[in-house]
Every structure is written in structure tokens, then in C-alpha cells.
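We call the chains A, B, C and D, going by the order they appear; numbering starts again at 1 in every chain.
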Amino acid sequence: MSTIVSPSVAADDYLRVRQFSDLLCAPIGPEDATAQSMPEASPLKWHLAHTTWFFETFLLRRDDHYRSPFPEYEYLFNSYYNSVGKQFPRPQRGLVTRPTLDETYAYREYVDGRVADAIAAGLLERDPAAAAVLVLGLNHEQQHQELMLTDLKHLLSHNPLEPAYRADQFQPATPADRDQWLTFPAALYETGHIGDEFAYDNESPRHRVWLEEFQLAKHPVTCGEFLEFIAADGYSRPEFWLSEGWATVQRECWTAPLYWTQHGDDWSEFTLAGRQPVDPHRPVCHVSYFEADAFARWSGARLPTESQWEVAAAAQIPTGNFVDALLAADEPVHPAGGVRDEGPARRLFGDVWEWTASSYAAYPGYQPAPGALGEYNGKFMNGQYVLRGGAAITPVGHVRPTYRNFFPPHARWMFGGLRLAR
Amino acid sequence: MSTIVSPSVAADDYLRVRQFSDLLCAPIGPEDATAQSMPEASPLKWHLAHTTWFFETFLLRRDDHYRSPFPEYEYLFNSYYNSVGKQFPRPQRGLVTRPTLDETYAYREYVDGRVADAIAAGLLERDPAAAAVLVLGLNHEQQHQELMLTDLKHLLSHNPLEPAYRADQFQPATPADRDQWLTFPAALYETGHIGDEFAYDNESPRHRVWLEEFQLAKHPVTCGEFLEFIAADGYSRPEFWLSEGWATVQRECWTAPLYWTQHGDDWSEFTLAGRQPVDPHRPVCHVSYFEADAFARWSGARLPTESQWEVAAAAQIPTGNFVDALLAADEPVHPAGGVRDEGPARRLFGDVWEWTASSYAAYPGYQPAPGALGEYNGKFMNGQYVLRGGAAITPVGHVRPTYRNFFPPHARWMFGGLRLAR
Amino acid sequence: MSTIVSPSVAADDYLRVRQFSDLLCAPIGPEDATAQSMPEASPLKWHLAHTTWFFETFLLRRDDHYRSPFPEYEYLFNSYYNSVGKQFPRPQRGLVTRPTLDETYAYREYVDGRVADAIAAGLLERDPAAAAVLVLGLNHEQQHQELMLTDLKHLLSHNPLEPAYRADQFQPATPADRDQWLTFPAALYETGHIGDEFAYDNESPRHRVWLEEFQLAKHPVTCGEFLEFIAADGYSRPEFWLSEGWATVQRECWTAPLYWTQHGDDWSEFTLAGRQPVDPHRPVCHVSYFEADAFARWSGARLPTESQWEVAAAAQIPTGNFVDALLAADEPVHPAGGVRDEGPARRLFGDVWEWTASSYAAYPGYQPAPGALGEYNGKFMNGQYVLRGGAAITPVGHVRPTYRNFFPPHARWMFGGLRLAR
Amino acid sequence: MSTIVSPSVAADDYLRVRQFSDLLCAPIGPEDATAQSMPEASPLKWHLAHTTWFFETFLLRRDDHYRSPFPEYEYLFNSYYNSVGKQFPRPQRGLVTRPTLDETYAYREYVDGRVADAIAAGLLERDPAAAAVLVLGLNHEQQHQELMLTDLKHLLSHNPLEPAYRADQFQPATPADRDQWLTFPAALYETGHIGDEFAYDNESPRHRVWLEEFQLAKHPVTCGEFLEFIAADGYSRPEFWLSEGWATVQRECWTAPLYWTQHGDDWSEFTLAGRQPVDPHRPVCHVSYFEADAFARWSGARLPTESQWEVAAAAQIPTGNFVDALLAADEPVHPAGGVRDEGPARRLFGDVWEWTASSYAAYPGYQPAPGALGEYNGKFMNGQYVLRGGAAITPVGHVRPTYRNFFPPHARWMFGGLRLAR
């Protein structure tokens, strides 16, 4: 996080990122913004408040004279920072009906004003750590922008009325060529963050890793390919599954990706644009690590490690189907596949987060950031797998080749897909 | 339910009761109206919709030509009527963010219009069963009016901001004389509903019951008396408790009635008017059957049976602290005790529902109503105890001397108190 | 418990009852005696130790000079007596592998010797309360004899090998005449214990109760009759069930009484003599209150109240199919029905405990016994229904017309059946 | 598993390993052998039967004419092999009281006889795959020998009588020098199994791995060092813990390693020789990954990766405190530390399994064994961490430098300790 920030750029970035949250939430009323569909998801209203709390807590409170007009929010909107204080129980976030949505927007406005004042008063020049916090806070907000849509989709899916976030039209996706592979030679590679741009602490330090020769598929697995796995009874054959995955399949009665429903021979899926037919040419999404791994085993392939994925993505500019582009084009906020913004021969970014075979762990020599912000990444380093590349709900500019997302292996509500390796 | 209804009275009653729901909900915005604090409680918005569903399902659908503009609500707002169809899972009512609060009010308006049309078109004269359903539906709505405030209080109590439903002022209550008893001789009494006025099926048939001589306290147990029980370590002495009650005390770490908090020597309680000091002269409220029973045993007394309570209340007009009167007087919606509207020497109605020692069971010769409406009462006749008399959140006119409320013995979120017998 | 006991009779009774426990357990080896199939059931070894603990704690420890060679058993084998001290957690009784079965028998032998010594030394003459404890302890042991077989059956049923307790031969039962009813007039009856013989505190005080005219079936419901309920889809029609019963049916996937299995058109049941065909003429057994109540509603009848049952049984000597008689006749320890030991026109005792419609509650004026023994009955007076009459695993002499057994409404592992009333 | 086995050696090995199970179980009676203390642990009797089932299923059933006299054991003692058939539910193994312990020994004797016959009849020469199964089965049995003691300890610890497996005497351990480190240079290393000796499929293929320079402590962390962590409030400071670890500490109320108890200033621990004082010079044991990781962070160090551990152990003969040696020396079956059988400067084997920082995952190019035996390792590759080196309950000869044990991060009942790296 040794990022150099020019104050005027910082102020612009701040406005741009914060306003994008407002833009994302514009279609959402107080009822949709209040409810919490499960402990792992949070209400939209909470996301709007918590991202604001982050700036208030870590930026404004650097000034010892700062007095918040909302002192009880310090407790209420702390997500998991033990060093800041106790936290309101996560599974009960849907019960915090106050502040209302309007009051939450007012809280945002208040903090935005104070942050603008502080920047104008030279905080960032005076206090380089504050500049780093600002950048971290913006990246943090972008993560939550992604979660807003992810969590909202999960909430809306529980309503038999199947309401849409936006009523966009689906167009058939263009087919991708199957079974095309990129080959990488055995070598001692370097992975991890390098340079002055912002990156999370978990992307460092840059380090060497030996990889044997490997191949990576040119495109993510599609819905059509996944339907073949279903047709081959993939969900009822334990030999493809990890033991815990198989237990989950049976306990949760999984027979398809999350949000998919079968009527006769037709499959449809609930999307942010309401219920839609499953499009065989779009990347499959909302599969757990267990399903991704089982699919790969059934295919005679495997998932790539995160090192392999990163080597393939090295030095690429992340372009692809991100949320900004989809909204701008009035397209559904949904994995599209196809050729938009394609990088040179590889569609590694956007559309779906790609499960890797790598458990989320510290890089050799990893050091968490000091203080409360050190609770950002390191303490989640168990029981999770790394996903790479960003998805259709990710803001452009948020991901990098070295970016590490992570979720537990049973999680399906985020936009997780997969790419094969061998 | 062989009630004779004049159509014009019916139309007036309908309007009056329905509008009272609107009045109760007027201070509540969409956020507060959406959330569900536990499976046993329901969102305000759901109460508003479900009571409307009742009239649509059981009154409007009597007309085979009726076509609802909201066909999916039939499933969505069915509470527990198996003979009507499947039900949306109760614990997920807080996830049904649509219809919004405004859409819910529109649904009410639509149904109210159609009911008014039907009455004007002579439905009640033509179809006496429809008249009975109308009356049942109004009593049903009154029950839900009570639950709206009960459930809302529970929801608001989870918010560390402790928001109030209404910001009423608390005045100190007047002390009641302690240890005054009414005595009733041994005799063969009659209890149960008699006459043409509306009553639920579970209040019938009227039947004979032999009671030995007994005494009933003149007033409900007060907060001050209950504080003595707490001071006597009542919550940590198993000898006062039923076995399952004692297990509950330990598992749930109960040390006082629900909503009570101790700071130093002071006790306060969360109320619909926000946090307030515990007033020793008000009736104690939000105690479970287990606590009521333990308090009675510690006192050397016991709880009355429902027959004893009913004999004491027989032929009395229910007056007391009900929600209409409290709102009209700008007093807090909270048990007040004292002398308002006191019946001749007995304060049996209003303030708090009084736990009785009687399990909720069928009277000899009980017959549930035929059809779906027969699911109203009989199928809940196990695992619950009877409470009598109505409370500060009950609409006046809803209770009778024969009225039987019922809750499981661990329930505390409704306004349950107690009166001693011996 | 104001029973007058002659010491020599007491010593004889003591030996007889204690030895019957040994007789019941004789076929059981250490493995079967150790395991616990669910929290509600206990290992045989625990029953053998706990009944001994009862005599040591409440009889031998009356002597202040008594020093137990097994001081740690005071904690280990206390079932639920809070006033004696803390209790080892009930769900973990199967983990107490020591004392071994042999050591447990040695504990029994030691305590039996000391009790015999105390009786010989005149304890019972000197200390009338001790005499009462002795009688209570023997009744307590008889209850546990019944539980030994009940719990053992439940344990053995979990083993796919389906081992038998005893390999007795089943003979076809004799058919009973259906639809025969006894009629009782409306009157003010007296129920509850009277006289000097032993009875539990919950059978007192004797009290008056008004009953309207009622009819009681002459025999318990048979397996054949219950098969008709199954064939009529009784387990899939919610209209017959209490709400909580219906939820239980669906959650637990009940389709028949516990231990019953269907293969094609044939039904068999697991018994203490291994798997056997369901005999249509034997009384149905191992049904919950929910099933008994649903069957009664389907039949157009209802369950009797415990008062009604007791009025019918009043002044009868309890004879019928009890465990002693079945063992003596080398017949299976299983409800037989038929004509053995039939009382005058009523088969009210033995075979199956009969569910009544009455919640288990205190009689008017009930006073628990003082001290620790007061924890015997009263503290269980919620959430349970009364059963009457004894069953095929009950020792003869243990039940009376006034005897009140009780279980929660979902319980099926004890020998519960039903008799209709109307 | 391409091991070449001489039949006479195989027969000898078979006898030796099988008889060692009998030796381990000799002090255990039927009660101790029957109970199951938690779903993750199994009864001793089950271990004895399941290891026998393994030989019957995978060796004897290779002969199509083989007919088992115990056909129902195929289902009853299948642990998790889906391709063999359904499995008896693991959490209920303690309810399988039959076969009895004696019958289980008879089953062992029967299968041992048939295996001996088959070897004598030339099975291993005729069928090289059978020879591989035999060797696998013996390694499988050694794993279960370790689990027998591990699970038995857990069971006995639940009994307030705290019975001992063997009444051995504890001697004070010799202090180890603290803060001694071995240094390894950065290099491209090879790890994984090589050669003809038996190894599990998860130890292959041998592969290259780049390691930066690292240091490994010369000895495992001792109880004394762990007491310093406790004294430093290690269990109440979230900054040392993974997020899920911290949640576990609070939910489970962990304040010390499993089996440790504090009385005043003294710490004792339950061992296979009963309760003993905590010896500061013995290696700490029964800590979870969460505790190991928190201790390491508190120390300013970290856990080694499994590659680092294996590089340090490469080419060493595993000697140390294993169960055979401890039993032979009449020493407690407990981590001893000290200098027995010390390898050249490193105490890497025996005493305690050492947690590594590595999630249990497939080596690059990993292929599970074909058929049912392929279910042995690969399907458990998620949610677990690798432990290395063997422990005081491991049979000598069972572990290797490449041996990979694995457990979930919260597990504490196996003999898990740790060694620091940096």
C-alpha cells in the first residue's frame, strides 16, 4: 500500500467511487435495502453504511478532535475489526431497520463532506498513511459494490414474485470454441504484486514459484458444458466429488448451480434481470468449489492453481465484462462471455470469478498491515479457496492479475465459475 | 359464530377495524415494516397483507367469478391454512421485500373496495355464511393488530439505537393495595361462550365444571413484587421452577423479564416508547409461563385455572387499559395498572394477558368450524397455556370473559403477566 | 406416601423388586448394557446403578455416619435431583463406560447388603420416613425396570443385525370385538388416590370432577385398525393432525408407528423378540400422542380425558398382560391383547399405556413431597400428556387405577397405545 | 503402491501388525470398547472390526467364490467407501452393540485364518494387486491402531472417574535447549515419495518445489512454552488468531489445550495413564491448528510448510517416541520429548504430530488409486491441514519423511503439537 496519491486525483477518485455506489443502489427502495437473506450476506443499507463507517473510522478519526454526530454507528457498522471494538452480530444485520435508507444516505453525505474538507485541508500531503487509507477505503468500497449486487440477487431470489434489479433484455451469447488450450512451459516463475499501484497486503510479497509445464483452457466453462455434466448424472455420482462436497450435495439436495430451475427439459435461472432461460454459451456461474472441482474431475481435467492462473494473466490489462460496461451498454448484469474487450487470446477477466485449486494462504514472507487494517485479509486465511479474475458485478479497475478473492468451498451465491487446466 | 349482522353495521364495522390497522401502522416506515425478528414474529407489512388476504380468500373468493389481480398473493400470504394450499415458509417472511409497503397498502385498498362493493350488492343478506366470515375476519384482524405492536416491539428491541414506536411520556403509576383477595365458593359452575355475540369456536360449548373454593388476587402482580422475586435469587433457585423452565433459564441466561436491563441498582425496560425506568407499580409484563409459575410458587400461591379466572370475570364488561384508550389519551402503549375504567373491584381486563395454569385444550364436546376456517383454533391445542383478559396492545371490544388466548410456556415477547390464586 | 410397612414385609419386598431387575437384565451383556441410543433413553447399566443410588442417597445417607465406598457415584448417578447436587449430563450417560457392568452389580450387592443390615437393625421402626422412602424407592425401581426394556428395545432397533432381547415365539392373537362401548352417566365423580396403599404424590389429593355422559371403547385400538388409518392416507392428510403433530410427521417422515416397516404389502415390526409380522389383533403400540389424536379424529372419536379413564377403572384390580406374566409364560414381552386376566368387561390394564387427552398437571390442592423427593413429579408438569393403565413391560403391582404416567406428545419409544372415547 | 512383497514376509508382517492391534486392546473390556464419544471418533470394537472388514472386502472378496459367514458386516463396517456400497451412519457406531467384543475377536480370527490360507495358497504370487492390497491393509490397520488410542483417550476423558488405559508412572522429562534453529538455503528441492517401499498415493508424485531460505526449530514447542502463551492471555487476544479460530475459542470456551485443567496455579492433564501434572519439558499436545497458528504468531514465528518440514526430514530414518517403544519400556503412552532415539540433531519423528501451514491438497500430477481404494485419500483434500512426523501413539515403521497426515483446523483430540519456523 505504498501508493503515491495526488490529492486532486484522490478527491476525484473518492467522488467517483462513492457515487458509483449510489448509482448501483438507485433502483432499490427501502424494503429491498433492509432485508438480510442469510448470515453471510448483508443488507444493501448496511453496505452503504459500513463503507462510510470505514472512512469515518480509519480516516476521519485520525483527527483526535473529530467528534462523530453518529457515535453509536461505530459499534453498529463495524464488520469484524476486533481492534476497533465489539461488533453488532452479523446474522442480525437485517434487524437494524434504523437508520433508515434515507438516514443512511444522509450519513454518507455527511462523511463525504468531511472527507472532502479534510482532503482540501491538506490531510493527504500531511499524513501519507491517511492517503494509503483513502486508497484502501476506495478499494474496500468497490469490494462492497460487488457484494451489494451479489447479496441483493440472493435476497430477491427468495421472493416467489422473482422481482428484478433491472429489467434488461437478454441477447443470445456468441458461442466460444471449445477445447482450446494455452500451454506454459516448466519454469521458475515470479508471482505476487510488484510496483507502486495499490494492491492488498495478501498479494505480497512477490515471490518465486516453480511450475511444471501446464495447459490452461482459453475460456471459462459454459452453461452448455455444465448441462452435459448434469445430463451425465454428475450430481449423483460420488466418484467425482470431494467427500465434504458429496455430503453437501446430499444434505442441500443440489442438482444444478444455484438459481437454476428445471421445467421439463428446459432450464432457467434467476438473474438480476429476473428469470431467464439458461444460455448454453454464457459462462456457468454460481457454482461452488465442490461443483467446480467435480466438473473438472468428470472432464478429465482439474482446476488451475492460483500461480498457474496468475502466470497466464501476468502483465495483462484487465478488460472484460465488468459491471460498469454492462450498465453503460444497458446489458444485463450477468456473465456474458463472448468477445467484448477481449485481451490477447485470453478471456481471463470479468464475467465470472474463477475457482482455483489453491487454498487461500499467506505468501512466503507475508506480513499483514499493522493495526486494525491488518485484520483485513490475513485472519481469513483458512477454510477458503482463491478465485481470480473478477466478474460481471465487479467494478472495472478493481481487479488485477495478482488480485486474490476467496470464499469457502460450499459458497455459491457469489458469481463463481471455473476454467479448466491440465 | 351464529352471529346476526346487519349489513350497514357490518360495513361500518369493517371500515372501523380496517382503518384502525392503518392508524396503528401510521408511524412506521418501510424499513421497520419489512424486517422479521424471529420465526414466531412477523413483519408489519406481512400482517397488513395477510389480514387482507383473509378477506380476499374467505369472502371475495366465495364468488366463483372473482379473479384476483394479485394471484400470487394467495400463496404468499397464507399463514397456515393447509386446506387453502401450500404456505410460504414462515421464518422467511422478512425476505419478502415485495410487495413494498406502498404496494401493500394498495392491496388493502383494492380489497376494501371490493368488500364494500360486495356488501352493497347484498352479499351478507344473500349468504349468511359470508356474514359470519366477515365478523370472523374482523376479529382476526384485531388479533393481528395486537401482534403488529407485539412483533414491532420485539424487532425494535434488537436495534442498539432503541428506537421508539411513539415518543409518549411515562407518568408514575398509582400503587395498588397488595394482598387483597376475592373468594369464590365451591360449586358446579358453567363456563364457555353463551349468547349470539361473536366468539371463537374454542370458547364453546358452554359446559359445567366443578370448582372447589378458591381465592383470586384483586390485581395482577406488579413490577415491584417481581423485583422482590429477583432480589430473592428467584432466577437461580431451581426449586421454584418446572424442570423445562429451569433448563430454559439456564440455556437462555434469563435473569429478569424480557426487555429488562439492570445498570447498578437501577432497572429499566425497553418499551414502545423507548427505554424507560421499571415502574414498581405497573403490572409486570413479558414474563413466560415458566416465570409466572416460578413466581407463584415462590409466593406460596399458584396460578388460577382458566375456569377460575372465567368465573371471576363472568358477566363483566371488559374495560381497562386497551390500546385505543391509551392512544387516545397520548399515554404510552404499555401496561399501566391503576384505576382507569376499573370494573367493580376487579382489574381483570387490559394491561397484561394473564397466564393461567390451564393447558390449552378442547372443551368437552368441542367441534371445530367446518372447512378451512376450522384450522383457526383446534389444531394448536397442544403445548400451550391459556392466557386471559387482554393487554395494553389489545383493541377494546376484542376480548370477552370467555376469550382464550394461548402461547407456549417459554414465550415472552407478547404482553404476558400474571395474577395469583390460592 | 403415608404407607404403613412391616419391616419383614419391607425386607421381602426389597429383595423381590431388586432381584427382578437382575432377572430382567440377565440376558444382557456389557456391550448392550453400556450404550445410550438417545438423550431421553438411558443405558441399562445406568438404570441398574441409578436405582441403587436412590437407596444409597435417600435411605443409607439418612445415617450421618454413613460413608460410601463409592463417593463419586453421588454425582455420577444423580438423574435430576437439583437439591442433591449437580448432575452428570444426561446425553452423555453412554460415555460412562466405568463402572463396568460387573462393578455395577457389585455396587448393587453392596447397597443391598447395607439396606438389609439397616432393616434388620430396626431402621424402619425407628424412622417412619425411612420406611416411606423404602417404598418409594421400590416403586422407583419398578419404573426403571419398565424403562430398562423400553430403552433397550430402542437401542437394539438401531442395529441392522436386529438382535433380540429374548427369542420368544409369537402366536397369533385372538380377535377382539370391534365397536363396543361402555357408557358412563353425567355426574360429579371423585378421582385421585385414596387409602393407605402407596401412591405417588401426583395422584393426590382426591378431588371432585364433573363429567358429562361419555362412552369409552371396550378395548384398545388394534394394529389392524391402525393399518386402516394408514391405508386411508392418514399420515398424509393434515386435517387429522394437530399443527405441531403435522410438522413432526413431515420433519421426521413418519408413515407408521415406530418400529414398523413395510415390504410390499406386508408390515413387520421390530420387537424385543426381533423382527415379527404386525399382528392385526394385537393392540397398536409405539404411537405418539400426535398419532393417537390423529387416529381418533379420523375415527370420528376422540381420546378420553384422564378423569374419564379413571372413572372407568375405579376400584378395579389391575390385571392384564404385564411383564412378569409374559416372562413366566415364555411369551414375548409385547402387547398381546386377548383375554388373559381380563377384568370384568374392561381391558384397561397392561399391554399398552393409553394416551389420554389430558395434559399432565397438578390436581387441585396438589402439594409436592418435601425435600429432594419433591422433585419426583411436580417439576415435570408441563409439555406432557397423561397415559394410563400400564403396559407389557410394566411389572405387575406397579400400576393402579389412579396411576399417572406422562410423556411429551411426540414420544414414541415407550409402549404407548390408545383407546377411543366419545 | 508398486511394492514387491515376498509371501513369507507378507505373512509375517500380517501376523505382526494384526497381533499388535490385539496387544493394544488387551487392557480394554467390552464397555470401553463399545462407546463412541463423538461422531469423529469410533469405538475400539469398531476399529477392530473395520480393519478386518478391509481385508475381507478388498482381499478375500477378490475371490468370486468367497462367501462370508458375516454378510451383514459388509454394510456395517464400511467406513466411507461409496463404491463398495452404503454405509452405516458414522455418528451411530456406538449403538452397534453387536457383534460383541468377543464376537469381534472371533471375526478377526476367522478372517486372519482365511488370509493365511490365501497367502499359503499362493494368492500373492498369482495376483500382484492382492499383494499391494495386503500391504495397504496393514498400513491401514496401523492408522487405526493410532486412532484406537486416540479415540479411547477421548472417551475415557468424559468419565468423571478418569479411568486410565494403563497405569504407567510419569517421570520428569529432560529439558530441551530453547531457541535453536536449523537453517536451510533457498533452492529448488524435490519432495514426495520415491523408491519401491510402500507409500500412500497422496505422497506422490515426487515433484519439484522452490523454497526460499528458511529456519526450522530444533524441537517441538513444549508445554512450558505454551504455558507462557496462556500466561500472556494468548487465549483472549484476537490479534493472534485466525478469524474462524477466534470464533471457535469463544464458542468452545477454550483456555488451554484439550485435556488440560487448572487448579489454582497448577495445571494437570488427562492422559492415557490418568490425570497427571503438566510437565513443562514435554512437547505440548492436543492443540488445534488454530492454537498452533496463534502460538506461532504470538512467538513472532510461523508454522513451517509441509515442504519445508519434508526437506528437513529428507532421508532420515524415523526414530523417536513411538507407541511400541513406550509400551516396551513401560513408559506412559504420551509425548515424552527428550533424547530417546534422537536422529542426527533433529527430533522430527514421534511424540507429537506437527501441524504445518499447508492445506492438504493434491501434489501436481496426483492420481488417486483406481477403484474403491482410490477413495482412500484424495476425496478428503479440502478443509484440512497437513501434519507430519508421527506421535506417541503411532506404531513405529508407520511414518516416513514423506508421510502426510491431515486433520481439520479445529481438531484437538488427536496428538497434535507444533514446531516453529521462520
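The working rule: a contact is a pair of C-beta atoms (placed from the backbone, for glycine too) under 8 Å apart; a residue touches a chain by one contact, two chains touch by 3 or more.
Here the structure is a predicted model, which is why all the values come from computation and not from measurement.
Asker: Stepping chain to touching chain, what's the minimum from chain A to chain C?
Answerer: Steps on the shortest route: 2.
Asker: Since chain A and chain B are copies that touch, just let me know if over half of their interface numbering is common to both, same, or not, different.
Answerer: same
Asker: Suppose each chain is reduced to the average of its Cα coordinates; what separation in Å results between chain A and chain B?
Answerer: 46
Asker: Using mean C-alpha positions as chain centres, tell me how far chain B is from chain C in Å, no decimals.
Answerer: 38
Asker: Just give me the whole-number Å value for how far the CA centre of chain B lies from that of chain D.
Answerer: For chain B versus chain D, the centre distance works out to 59 Å.
Asker: Residue numbers in chain B touching 2 or more other chains?
Answerer: Where chain B is concerned, no single residue meets two or more other chains.
Asker: Pairs of chains that touch, anyone?
Answerer: Applying the touch rule to all chain pairs gives A-B, A-D, B-C, C-D.
Asker: In their shared complex, at which residues does chain B touch chain A?
Answerer: 29-35, 37, 45, 72, 75-76, 88, 92, 94-101, 155-156, 158-161, 163
Asker: Would you mind writing out the residues of chain C in touch with chain B in their complex?
Answerer: Touch list, chain C to chain B: 80, 82-83, 188, 207-210, 212, 238-239, 241-246, 289-290, 302, 357-359, 361-362, 364-365, 379-383, 385, 409.
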